[in-house]
Structures are given as structure tokens and as C-alpha cells.
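What follows is chain A paired twice: with chain B in the first complex and chain C in the second.
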Partner chain A sequence: MVDQTSNPAAVSGAAAEPDRVGLLRVLGPVHVWALGVGIVLVGEFMGWNFSVGKGGAMGALIACWVIGLLYTCVAMIDSEVTSTVAAAGGQYAQAKHIMGPLMAFNVGLYLVMAYTMLEAADALIVGDLLTILAEQTGYDALDPKPFVILIISMLAFLNYRGVFMTLTLNFIITAAAFVTIVILFVGVQPWTAGAVLKHSDLLTDLPYGWIGVIAAFQFGIWYYLGIEGTCQAAEEVRSPSRSLPLGTMTGIMTLLIAATLTWYVCSGLLPWEYLGQATVPLYDAARMTGSTTLQVFLFVGTLFAATASANGCINDASRAWFSMGRDRYMPHWFGAVHPRYRTPYRSILFLIPIAVSFAFTGLLDQVITFSILSGLLGYTFMPINMIMFRRKWPLGSIRRGYVHPFHPIPAIVLMLLCITTFFATYLGFGTQLLAMMLFYVVVSLWFSMHRYKYVRRADQFTMNWPKPQGY
Partner chain B sequence: MWILLEYAAWAASACLLLWMLVDAARVNREYDEDTLLSSREGIDELLEHGDVPEAREG
Partner chain C sequence: MKPRYEPPKQSGAGQFFDSAFLLVLVYVALFTPLILGLTGAGSTNVMPDTVSWETLEQNEVMQGQWEKLGYTPDTAAEIITTKFDYSIDPLMLLLTAAVIIGYFVFLVRVSDKEYRDVIAEKFDH
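Right after this comes the complex of A and B.
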């Protein structure tokens, strides 16, 4: 395991401020890519296919590209704001500087909830995969709980010991998982129509019409949920203005390719009625080819993707919680950094039992639904944030690492797509959506009436920016 | 074999969690709280290093 203090960047940082213990700037664009794509890629291996159940195969393709547009807007907006507000906490720090403390508190909680629940869902998936493997080897009474807690413990340990090794591992296993999708795509010989893929036989019209397509949007999110997590690395990348836009934009391009390949292979091998309720559609597609090699590749790919996702989620949830602790939005105790490994070690430890508790419920669909809802609330904040950012600090008033083109079109498109997806989510998970909204209203009241009095109001605004226009 | 793996997974998890808890307790004891909480939010390095040019749109 790498001792982070042996890194030259750490030494120079320590030399500059010997009494200050902060996060290490050791990451590059590759790590940013690994963080964003690593969290998301598991969604290509499972989950996205429920959109087929709602809108049919063609409806799922429309959802894949429309939600891909939503996330492209997210990536563009995030790239500009985060390359300028380069701080741990990502969207939380952005909201604090641009919209104010109450929005920041809510966004911070969206992030922690979304990532911790996704981590729990990933650990459940690993447990389920091992259960399938045990059944295939003749043992049908495997208890997944020890493996669920083992994967969370191992990844938390890795995160505890340093960010460089954590995200280097994430790069390796994420790239390997992506390669398995490409291998499957090549393995089904897409250049020979009808040889393996049977699109002409399997593709149908929209089975539930256009309302089915709209309903499919909520599951189209699975293709991309978490790419915005790249922002959490802002305080640990060597060059935020270069690495964050580069890692985020290449990440969304990778996901658009992976999503389209996944849809193409699965819809050409599996009838939509089965695909719409399959647990592991890519693995099932590999089984349909009859190739044992492809089956093994896809099993390993699914395992790697779930592991990479949980790993990235631990990283992101702990940074968001740490940032809130550092600003006293949560107890200041959580704002501690490990003096040797330079990680937010108390936040990492604190979130372990919470993730394990969610995972031990075994309710994968409920856990992932609450994760998606928290993510969606976060995306709805982004267009408002972006418009306020450009209004308060117009181009030229502060230095930006990256300026996204066509403003305000991405912000408007993102807002419209978020509203549509909220409607789609309401169709399927109305009760959960309302319960989630109620939860955030209650905690907002708690923050405004109780917690905010502990916040040192001047200390929380750290950006050396001029006064915003209009103030 | 799977039963043995289940026990091994419980044991390995316990060891990892225990190691982190012991290390955290040791750090909390050896370093004063002001040092551990001395991290500052990422400074706006774009402004601090004035040589970074304004990015062009797109």
C-alpha cells in the first residue's frame, strides 16, 4: 500500500504549510475518469433494462439518448463550475458559494444519500453475483451478508489508506469492465446482420406508446447515474482546471458509447418481454451466445463494475460529508484529515455502518430508487446554479478553468429534462418521491432553525472572488 | 468450501474494520484536534496563480 506522505506533492505541500493537514493533490485526468465512469458503469450491466419493460426496446433506446443528453448537460455545467470552484464536496461547495447555505446543505445531503445508497446497492449486487456463482457450483445456501460486509470493508480500507491507490485501482477495474462490453459487442459479430443478433425479429413498435417512453426515462438514468461524482475529486487533482473538464467530458463520452453498445447487443439477443425484467441483462446476453468465454468475461465485468462503483461511492460520499463537517454544517469532528494518509478518515469510518445497514435490508430496488431520487434532486439544482453563476460572475469577472459553450441552452435543456424525469419517476415511484421530498423539507427546517447557528458564516466562503453583480 | 469462504469473509471484514478503528483511535490520541481539523477548503488556484489564462468558450 502506498504511503501518501512519500509522494513529492505531499512533501512540497507539507513544506509550504507545515502545520496544516489537508487532502493531497495527487490525481490526474485518468483518476477523474475512473471516478466518474467507475461509479456509473455498473448501470450498463444491470438496471437500465427496466426501461425496456416500460417502453419496449425502441423506447429504451430513446430514453438512453434523451437521458444521455441530460447527463451531457450535467457534465458541461459541472465542468465549468467545478473547474472554477475547485473544492472537495463538489456540487455542495458550488451551491454554497453561488446559491447559499440552505441549498448547499440540501445538495450535500443529496450527495451523501445518493452515494451511500448506491454503495449499498453495489455491495448487494456483489453478494447476489456470488450467490449465483455458488448455485452454479452446486451450493444453494450461500449467505451473501459476509461478502457484502467484506466488499464494503475492503473498499473502505482502501479509501482510508489513500486516494491515489484507490482511484488507480478504480481505473484498472473500470477499464477492464468496459473492455468486457466491447469484447461482447465484437463477439456477436455486428458486421454480419442476422448471424447472431436478431434485431429484425426482436424489435417491435412502442408497446405502451409514448407514455411508455416517458416512463422509461427514470430507468434510463441507470446508464449514467454518478458521472457528476467527478467533482468530488476537485481538491485532490493536481490541475483542476484541466483534469476535471477532461476527465468528466471523456467520461460521459465513454458512457454514451457503452450505453449504446449495451442496448444494441441486448436488444438483438433477448426479447423485450424478458429483457425488461432481467436481473443481469448483459450476462444473460453473453449466455445467449453460447460462448463460455464470453460468459466468464461478462461475469467478471459485472463483478468489477459493481466493485468500482462501490469504491467510487465511498470516495464521493466521504468527501461530501467531510466538506459539510469542515464548514460545521455537520459536527466539525468530521472535518478531520488523516495526517499520514491525507484522507477524511472519520467520514469514511462513519459512513461504513450506514452503508452496511442499507445493504443488509436486501431491498435492492428500494435502495437504488432512493439513490436515483437524490441524484435527480441534485441535477435539478444544477441549471439554477449555472444561471446564477453566470449572472453573478459574468465571463471575464473571474477566471474560469473551462467555459461551456451555448449557455444557457444546456441549463434550460437540463431543467426541462429533469421536470420530465420527475414526472416519469412519479408514475412509478410516487410515494417514494413524496417521502424523499418530505425528508428534505424536515432536515431543511432542522438546519435553518438549529444547525446553522454553529456555522462560522464568514469562514465558509473561501473563494477569492469579487463581489457578485447586483450585490 | 463456500461455508469456509463465508467464515473467512466474516473474519477478514472484522480484521479490516478493527485495524481502521485502532488506527483512528491512535491518530486521535497522537495528534491534537487543531492539527487534524486544520484542512482548508480548496483555494481558488486560478486566481492565486495569475498566470493561468482565461479559458476560451468551448
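Right after this comes the complex of A and C.
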């Protein structure tokens, strides 16, 4: 059996660059929680409800549970591979060590696209929320774009200056946003049936039958999308083996609670047809209670959740882009670390205008679909990766941090659920699905025919493992 | 034994061009469906001849909630009557499936070929 730790000496590229500066290791479990939940919690404030539009309120609940099973499989597989591939970069590093450069390039792009589009959706939400507030206070002609640019610029500056303050802020505003959901739940007096919540009159049968439930899987992903991004912080966490699982698991528990409360409150206050297309459903639910206090709380909660998510997305997308630059999958220029702040500053600055430009299209469900599809492609990679991992290094050949039970059942279930979710996306969003796939086909050809020649071969494998079986 | 591969050094202009190329591709992929008007979910809309809460099949509680949200039957009708169209075009479905499967097969096969270069350099030198 061989030690799992990475072998820095193997990184010949690094050895050839003695002035290479690493990212700063300053984060604890609280920051990992803030990164994971911060990115995802906004999904409870907006986006999840499009699953109601596709399958009805009950269909959305079923989708929430089934997609929860998908994420359980993701967590099981990711726990084994991440705890064993002790190299920075999350799923990108896994792909590099187990499947090869082209797959790693694609996985890196999935991460960048999923987070950048999510950031665009966050910016859209901030704009919509400000517009709603302006209308309610008598200022009909508010242009939210300057405010959106201002918020994203401030977050970019924060990310540029340092990861510790960035994720400390995320912890504060994410916790505050979560508390507003709990306050709303208490405020609607769930213990008194019919007092505020009207489930018996608002819940309907499945409006599209079971095909609608399957179609709802597409936006069911939004309840959890991005939680796996916690492992992007691996290079900046003081104790990865403790902080990453602790932060991720408490994060998943937080999301499960928030998702349940959100569905329960919204489906008891809003007709499903309205809920299925609402931009800020939790804020709307607060409006329906007639309480100005709850309305203010949910306005602040939605704003904080969107801001925290954008903040986390800037962090994660830039880390993935930076890792690809450092490995020369993308121009090496992006692999630079700020000499003073120790942040991937060029990657941070490069991705900001892209996110903002997509935010200005104003098409929330389209932007969310692109983000979801990139995430879904990443989940489809995982079962293939898992099967190959066990085949190339069977149990006992290397030391694993964790061995997930029932292999290959989680991999098979995950693959089946991914195929079903692709079909769910086809139902209603087939053109976007095809456009996105063609994008990935073209960039894959571009990588193998052009970019791959800049990649140092041996540098792509830094683990101190034996040669994989079959090679 | 094959000599260790030494990649060419990419010029600043080359790096700029590659970044710009990828950026353009992202915009093309995301904006082409928008420009061609192919975005948005496939949907149908069957508006009743007379629009009222009753013809929109909204019970009393639903009516109350719509009104609290600031809607009248006329303004809510579009939202209520617009439904997703889940009819399946077998040819389009097959094409989409073929693209996704083909993409993953291509990824796995080419990645494996490149991976053999990586493993050979890492373990055989």
C-alpha cells in the first residue's frame, strides 16, 4: 500500500519555477461552510421554483427528493476520490489524475461555466429585487444595472484583496440569510393549520402528470447546485482532511433544512402557476403575509443570499480558471498569484465582465439552465471517473481517506439520474441543451488539436501512487 | 524510451488570442440561441373565451392570493394558461442523445490517449 500524499518533487514544472507563489492557507471549517452554503443558499430564494412551473408544487417536492438522491451519490463518490486525491483543484484535479488532460480541461470548464453563470443569475436577482423595491416605493424607472455593477465590483475587489476576509464576509451574510428563512417559517405560524398557510386549497394534482415530475428534475438541481465547490478551497484550507468534510456535511444539512422550509412556506402561500415563474418567491411569500417586518427581513435575506452566492462564485470560478492556467490548459498568464495578497487576481478580474454581461441579458431561466447544464455534465463525469478509479487502483493498492460502500451502485444510480436529468432539460430547453453541448464539443477539439501541445505531460500527475493498472 | 516532451513557450499575443477565442466561443454558444429566437421553453397557451377566475380554474383561496399579489383575472390569465409543451420530437431527441453520448465517448478515448503520455513520462523516465 502506498501513501496517498502528493509528491511535490514530481512537479517538475514547479521545480522549474522557483519564484512560484502559492495561495494562502488561512481557512477553517466555518469558511468552507460559508463557501458551500453561500453559493447554494440563493437557490432557496430563487430558481428552485422553476421546477414548480415544470411539474407543479408536488412535482417540485418529488424532484427535490430525487435530486437529493443524486447529490447523495455525488457526495459518496466525491468523498472517496477527494479524500484520496490530495491535490488542489477538486474534481478538476481528480480528472487529471484518473482520466487524463482532455477530461480535466472539460471538468475545469464545467466548474468555471457553472459558477460564472450562477454569478450572472445572482446579479440578475439583485437587479430584479431593487426594481421591485423601487416600484413598491414609487420609483418606477429605476435602472438596476449600476447597482449590479457596483455590487459585483465590490465583491471582485474583496476577492482580489484576500480569501480570508472574502469568506468571513460570506459566513456572516449567509448565516443572516439562513436566519431570515427561519424567521419567515416561524412568522407564518406553521403550528396553526390554515391561519396563514393554505396548503389544502393551493396544492393541486400533478398538472402535467409524471412527465412533468421528470421535467422538474432540471430545476430540482438548483436546490443543491454548487455544494461540491467546497473542495475548490482545498489549497487554502489549514486542515483539509478535517475542514472539508466538516464544512461540506454541515453545509448539506443546512441546505436540506432550508429547502424543506422554503418549499413548505411558498407552496402554502402562492398559487403554483405564479410560483413557477416568480423571480423572488421567498420575498413574494413574505409579501403575502402582510407583515412589513417579514418583508424587510426577506428583502435583506434575498439580497444577502444573492451577494453571498456571487461572492462564492467569484471565488470558485477564479480558482478553477487559475488551476487551468497554472497547468497550461489555459494561457499560463492566468496562473499568476498576487505577490502581496496571494490571490489568483488575474483570473478573478477576467471572469467578472463575462458574468456581468450575461446578467444584463435579463434572461434568468436561460442563465440558470446554462449553469445547471455545466453542473450536470460535471456530475456525469463522476461515475465514469469512479469506475476508472477503482479499476486503475483497486482497493488495497493505495491508501484511501474513505472507501464508499456498495460500489458500483452509487455510480450506476448517479449515471441513471444524470441521464434522466438530461432528458428533463430536453423537455422544454432542448435548444439550449444542444447549443451547450456543441460548445463543449468545439472547445474539446480546440484543446486536443491546439492547447494540449503547451501542457507538460508528467506535471499532470503529482500523486505518489504506483503506476495505474493497465498502463 | 521516448524523450521527455518539452512544450513550446507561448507568446503573450498567442495567450491573448487563445483567451479571446474561448471568450468568443462562450458568447457564441450562449447568445446564438438568443439571437435566433430559439431560447425559452417550448410552451402552449389556451386562453378561455371569457377570462374570469372561474374559467381560469382558480378556487376562492387562489383568487385571494392572486389579488394579494396585485393580479386581476386579465393580468393573471397569461401566466395561468401558458403551459409547457412536453411533446417529444423523436428525431431531435435522438440527435441530442447522439451528441451527448458522442461527446463523452470522444472525451474518454482522447483523454485516455493523452493519459498514456502522462503516465509514460511520469513512470518511465
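Observations, loosely collected:
The rule is simple: the second predicted complex is superposed on the first by the 440 of 471 C-alpha atoms of A that agree within 3 Å, B and C clash if a C-alpha of one lies under 4 Å from a C-alpha of the other, contacts with A are read in each partner's own complex, and residues count from 1 in each chain.
Here is the rule we use: contacts are C-beta pairs under 8 Å (C-beta built on N, C-alpha and C of every residue); 3 or more make two chains touch, one makes a residue touch a chain.
All of these numbers come straight from a predicted model, not from anything done at the bench.
Contacts of A:173 after superposition: neither chain B nor chain C is touched.
Look at A:231: by the touch rule set out above, it reaches neither chain B nor chain C. Looking at the shared chain after the overlay, A:332 reaches both chain B and chain C.
Shared-chain residue A:63: touches no atom of chain B or chain C.
By the touch criterion defined above, A:308 lies against neither chain B nor chain C after alignment on the C-alpha atoms of chain A. Looking at the superposition, the partner that touches the larger set of chain A residues, chain B or chain C, turns out to be C. With both structures placed on the common chain, the touch criterion links A:118 to neither chain B nor chain C. Once the two complexes are laid over each other on the shared chain, residue contacts for A:208 go to chain C alone; chain B is not touched.
In the superposition on chain A, A:399 contacts chain B only, with no contact to chain C. In the superposition on chain A, the residues of chain A contacting both chain B and chain C are 332-333.
Residues 10, 53-54, 95, 99-104, 106, 113, 198, 201-202, 207-208, 211-212, 215, 269-271, 273-274, 277, 284, 287-288, 290, 328, 330-334, 350, 354, 358, 361, 363, 365-366, 370, 380, 384, 422, 426-444, 446, 448, 450-458, 460-461, 467-468, 471 of chain A are the ones that touch chain C when the two sit in their complex. Of all residues in chain A, only 19-23, 83-89, 93, 134, 137, 139, 142-143, 146-147, 149-150, 153-154, 156-157, 160, 234-235, 240-241, 323, 326-327, 332-333, 335-340, 345-346, 348-349, 352, 395-396, 398-405, 462-465 touch chain B in the complex they form. If you check the complex, the residues on chain C that touch chain A are 4-5, 7-8, 10, 12, 14-16, 18-19, 21-23, 25-26, 28-34, 38-43, 58-62, 65-66, 68-69, 71, 76, 79-80, 83-86, 88, 92-93, 95-96, 99-100, 102-104, 106-108, 110-123, 125.
Those residues of chain B that touch chain A in the shared complex are 1-2, 6-7, 9-10, 12-13, 16-17, 19-21, 23-24, 27, 31, 33, 35-48, 52, 54-58.
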